Amino acid sequence: MDITFLLQLIINGLVVGSIYALVATGFVIIYKASSALNLAQGEFLMVGAYICLNLLSKYHLPFWQAILITFVFSAILGMLIERLILRPLIGSHLISVIMVTLGLSSILKALIQLVYGTDTIPFPEVFPSAPVQIGPIPVSQGYLYAIGCVTILVTVLTMFFKYSKTGVAMRATASSQQVALTMGISVKKMFAISWAISAMVSAVGGILLGTIRGGIDMSLSFMGLKVLPVVILGGLDSILGAIVGGVIIGVLENLSGGYVDPLVGGGAKEVAPYIALILILMFKPYGLFGKKKIERV
Amino acid sequence: MRCGDFKTSYSADMTIFESNSARVMMGLFLCLLFSLPLYTPGYLLDIVNRIGIAIIGAIGLNILTGFTGQISLGNAAFMAIGAFSSGYFGTKFGLPFYFCIPLAGLMTAFFGMFVGIPSLRIKGLYLAMATLAAHFIVEFLIVKWESVTGGVAGLSIPAPKLGSFTLNSDARLFFLIFIIVIMAVLFAKNLFRTKVGKAFVAIRDQAISAEVMGVNILKYKLLSFGISSFYVGVAGALVSYQAKIISPETFPVTVAIDYLGMIIIGGLGSILGSIYGAVFITLLPELLRLSTSALAGSFPLLVAKLAATKELVFGLFIVIFILFEPSGLAARWHSIKNYWKLYPFSH
Amino acid sequence: TIKVGGLWDLTGATADVGKPFADGAQDAIAMINEKGGINGKKIELINVDYAYKIPQAAAAYKKFVESDKVVMINGWGSGDTEALRDDITKDKIPFFSASFSGHLTDPTKTPFNFFVGASYSDQIRGFLDFVKKNWKGKVPAKVAFIYPNHGFGKAPIEAGRQYAKELGIELVHEEIIPTPVQDVTSNLLSMQKKSPDYAYVQTTVAPCANLLKDAKKLGIKTIFFLGNYGMTEALPKLAKDAAEGVYGMATHAAYGENVKGMKALLDWNKKHSPKAERDTVYVRGWSYAVVWAEGLRIADKNKQLNGEGIKKALETLKNFDTGGLVPPITYTATDHRPTTKTTVYVIKGGKMTKVTDMETPRRKEWLGL
Amino acid sequence: MVQLSCSDIQLNFGGVRALSGVSFEVLRGEIFAIIGPNGAGKSSMLNCISGLYHPQQGKVIYEDHDVTRLPPFERTKRGMARSFQNIALFKGMSVIDNLMIGRHLHQHSGLISGGLYYGPAQVEETKHREYCEEIIEFLEIQSIRKSIVGTLAYGFQKRVELARALALEPKLLLLDEPMAGMNLEETEDMVRFILDTNETRGITIIMIEHDMGVVMDISNSVCVLDFGKKIAGGTPEEVQQDPNVIKAYLGDEDPEGL
Amino acid sequence: MLTISNAEVIYNRVILVLKGLSLHVPEGKIVALLGANGAGKSTTLKAISGLLKSEEGEVSAGSIEFMGERINNLDPEDIVRKGIFQVMEGRRVFEDLTIDENLIVGGHTRKDAAGFKRDKELVYDYFPRLRERRNQLSGFLSGGEQQMLAIGRALMARPRLMLLDEPSLGIAPLLVQEIFQLIKKINTEEKTTILLVEQNANIAFSICDHAYIMEGGRVAMSGTTEQMKSNDDVKEFYLGIGEGKEKKSYRELKSYKRRKRWL
């Protein structure tokens, strides 16, 4: 067996998984505050990338300024969406909330399209394009930044949800909105904060992906769908799970791409995450780290 | 004036139609419906046919998701299974459509029950994602299993034949589709008046106490997956006749999402809602397409913007509908009906 | 007026190339109409965006045929063209698609399907010929094919396999890549194990750019050749220096290229949309419209402005010249291969540079392959 | 005659010992009360009997069959029914539909005949509807027959819980705090229903209740749990005198005073 | 402190539940609200705390004033910030949160970190059972333990007016006494005004200053505890003291049926 090949696949899987983990974190944040799944997460990512692109190539801002402004925009976007769409739905059926996010994804896609068209637009190289050699394989620098972001995010978010008053209040809101109201928690505010944070995290993912790929277009939003198995695998309400899930799926994709694809003639790389997902759910129905839903009478 | 509830026997209290006038209205509606092919141009009839198919599929999904509470994103895959098995039986064994369609339903039901097995342990969004996973796995298998499915090239489906009579036009397919639609609606309506259907709803509302009421949860969940998939499989078979060529690309995951949209916009756990939702979600893109292409004729350079606008409007419609009708069109219909029934004493 | 259906993808999965193609075709028709139309009749192009969704394409098709009563249709992708194949034959509606699938060229099977340019199969054959001609190594050249697993991706592969064998070129690897843009490092690593000298990539420009970037990162030495939807002006912009030295098979002129027919495009755009960025896919759309408008003209002259008449008219085209936008087009009643000529380009200094013209023979057994 | 016997039931949740070695016997036709402080394991005990929890150790023998490992619906088939402490009705359904689900096991029309409806399924449906109406009448909830259960006041929901359990035509009825949240008058009504159920329908009743007045008045025997252990058992009078019970549960004051 | 005058509440725009209810809670007192099932007691509390909105209900007429300020149709979170805290019926704890976290959430509106910590210890002192399980998910607690947690959570908020919906529900007799003593203590020591919905009239009267009896969405009777205790109807129907001052056994009740309503 070719050890270098194996190592190359594993390391590449790890770094690619870091982006998955980052995007997955966005899902988890919203889930933790509202127990809803935001299926427009991929579009958040796309919007973030386009905003940053605009700032960089149209206004020629330095990268860090562009990022900060993108953050502000994303946060506003998140809060706006909460105000206009999520707030009226407080207390409605979970599926309705999910479906609304699907409608939202159409809207965001259409808006981007109206403004930027459907062409793939080149993304400026904000960090050096020279890949870095990790062991036997060169890795795009963008992925290294992703790993950095993910590490910081996990630590901060885990602490936030566990110890901060707001973090706990968010989880309380997810548990029962009505009771949260009687505690004096502003459910609206919790939603707004979580959507804002989630949109910002996604924007980071979008910017990183944009630089890694060199160009952005509508297909960026596909990342939302791509990351779903990651979120589920890790457990919907677990930040740690998002990371572990991202890494597992990243590595799995690469291994099956390297070893199974040649046997079956392609396609294994894309289904492998889903097969793994089903297998793992059989044994751990709430993902690897997800909390079991309490069903008691 | 009809006012209040004056039932004299329990069986009268349990009928589908509340009064004789409702029955007459329904009869009139059916006459109108079945005379459609007489005066509707083919391309419109094609849309009507697609609505019919969507109704069957949406009822199927609603049985599982709306009534039993098991969110499924596997509808497109189930449909594909129906379509390909019907196509396979039809082309490889030359079976006539009236065998192919039920067979497609059964195959899909079988597969649906298989997918449903983990539902005893996997719940809620996790189950939804498991069905999504099932979608991608099925897609993969369809692409790979070329000897049966024709791979990416797909299968070419001959028009269904009844003896020497070929159902090769939209009007003829219309009758096939809508007869099945009526059977599907009636069966579902009845189902939820009786034991099995009520057990489904019980599982959705309170699985634990349903179990204590003597409902075998696994059995009924599987049954729900089975019945739902049967419906969806039949819908898939009909799609194959309508599309004439089916390939993996005919059943992308967006189809599953559209179906979810139908039952939410129409009303979860409502047969009538499934119908409204199917009509709405099928018509909306057509209407938008028609209006954009009408505009595009006069402003060809605008067409790209219009295309994006179409998507925007679609998204807006979905959002607005859910915001203002969170419990679906069927619920709104009921409250309007009740309002008029008691008018002018509605408060 | 003459009604023609236009079935485009402006918002769907292939909108990145679907949009410029539609622009090109629409602009060409607008220009033709401005100049007086077809024998004095205006062409009315009925535009529909089907978002790359097959059921929507089918619905649009029905509307074209039954309610708009169009005489022909300009369509788009492989999937919908396949799905409509039988209806097209039955309804006798000439159908131009932007799918250059070789199997649409056999009139005994698909009598009403047309496209404009060398088929995907002839592109891959051109590539293999080029390799054969330029290969200096002692052992036979090693090639690999890279494509996604769908109709468009797979279209030229069988032809490529057969021709490589015939030429004695060793096909060492076929790599199937995932569809939406993703990291393809593992695919490239797999391919690298076979160390091919050349790799032919059959996909659209954005995934191509992505692939080239990953390849550059891995330091892969293989020379990449792209199909006609991969080699466009957008490539060097997206892939940046990773595009340097990459070859591609073009079926149409690049936008702004110094050919006779380009002037009309440049003039039109200067006047109507001076800011728009155009590319070879736009040229492609334009040349389509020019070709079928010619078919309409002949049919109209013959007083046969209906599906069959237009088909017949098109089949009389012999070396019809669009002014170099696309090599001369010929259709006959037994052969719908429009041309077998392709052009090899290479990216040099971020620009598409012409290398040489290729032409494969019109072999009988290749009809429909 | 012993109808139900639990022996040496042990139930752990991770580190929490909910029940340790509880044994008792319930005679056919009696009203058997389980009392004890909060968190003593009463509801857990009931869950073991009805099959929602499976004890790690010990046996539940019901009508001479070992049912310890059977799932809940199997036990229901054998004639057990129960109500829940934290109301577990089908909230979105009407009262009558809740009861009709109680008839689930007694209905035999299958999927196909149900889907066709007219014919045997309709006859059966009507028959069971009549049965439910009887229960509705018995419990005096006619006026809310068609109300959606989730919108009812707490006390009514408790009553519907009882109704639904009765719809099962049980032989053994397990009630978890049936009187909670009722005022004196309503408690009296509820007592009346329970006694009627017990006497005229001959249904054995196991009841958890914190209202000592009721427990002492109507139960035939009482079992007292504390910290998962059985600390006393016997007739109400015996239990009432037991110093352990007074200390752990009743308090020194006269329970009547509460 | 709290004055409700002529309040009407409608659910789903059609079901009229409160039909002109008036009620007054003086500062620093304990007021009890009694009444049959479905009389509208919980609805009254929800109307005060602003929770109706989330159940499709609204205060359609009349006014609710807290410290002289109209609070009808304010958002619940603002009402909590004004110092009104409701303990909902049926032990609504955050099942996915631990006991500790539940208490933290209870003090969500508080700013003083020190007092917060102290109060948490106080709650654990009151309910030692909760301390044992402080890091356990509250969904797994027994019914009574959840009720303790719900009351503990209210203590964390240090409200000015506490609305308690059936605090004795499912609580063992010994603990019921303790809880009511605790309520009294909160009232006297922390000066918290309390509006108490309770079915157990005996125990309610043991601590309250005023009592209202509701019937079909209206107040049927009201008065000081003494007045109420001495009313014959109250004695018979709420305290179970018959004519002969002798409490009947429940067993004897079954043979006859009676219903008396004031309205």
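For clarity, chains are labelled A, B, C, D and E in written order, and residue numbers in each chain start from 1.
What we mean here is this: a residue touches a chain if its C-beta (ideal position, glycine included) is under 8 Å from a C-beta of that chain, and two chains touch if they have at least 3 such contacts.
As the structure is a computational prediction, the values presented were derived from the model and not from experiment.
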| item | value |
| --- | --- |
| Shortest path length from chain A to chain B (each step joins two touching chains) | 1 |
| For chain B and chain C, chains touching each | A |
| Most widely separated chain from chain B, with each centre as the mean of CA atoms | E |
| Between A-E and A-C, the pair with more C-beta contacts | A-C |
| Chain whose Cα centroid lies at the greatest distance from that of chain D | C |
| Chain A and chain E, separation of their C-alpha mean positions in angstrom | 44 |
| Chain B-chain D separation of Cα centroids, rounded to whole Å | 41 |
| Rounded Å distance between chain D and chain E, as computed from the means of their C-alpha atoms | 27 |
| Chain centre separation (chain B, chain E; CA means) in Å | 48 |
| Residues of chain B whose C-beta touches two or more other chains | 143, 208-209, 304, 307-308, 310-311 |
| Multi-chain contact residues (two or more partners), chain C | 10-11, 19, 149 |
| Multi-chain contact sites of chain A, meaning residues that touch two or more partners | 110, 113, 117-118, 265, 267, 270, 293, 296-297 |
| Residue numbers on chain A that touch chain B, as the complex places them | 37, 85, 88-89, 92-96, 99-100, 102-111, 113-114, 117-118, 225, 228-229, 232, 236, 264-265, 267-268, 270-271, 274-275, 277-278, 281-282, 285-287, 290, 293, 295-297 |
| Touching residues (chain side chain C, partner chain B) in the complex | 8, 10-11, 19, 22-23, 26, 30, 44-51, 53-56, 58-60, 62-63, 65-67, 79, 82-83, 85-87, 149-151, 154, 272-273 |
| Contact footprint of chain C on chain B as seen in their complex | 41-44, 46-47, 50, 143, 152-154, 156, 170, 243-245, 247, 249-250, 252, 254, 285-286, 289, 292-293, 296-297, 300-301, 303-304, 306-308, 310-311 |
| Interface residues, chain A side, partner chain E - complex | 90-91, 165, 168-169, 171-172, 174-187, 291, 293-294, 296 |
| Interfacial residue positions of chain C with respect to chain A in the complex | 10-11, 13, 15-16, 18-20, 149, 174-183, 185-187, 189-190, 193, 205-206, 209-210, 213, 217-219, 234, 237-242, 277 |
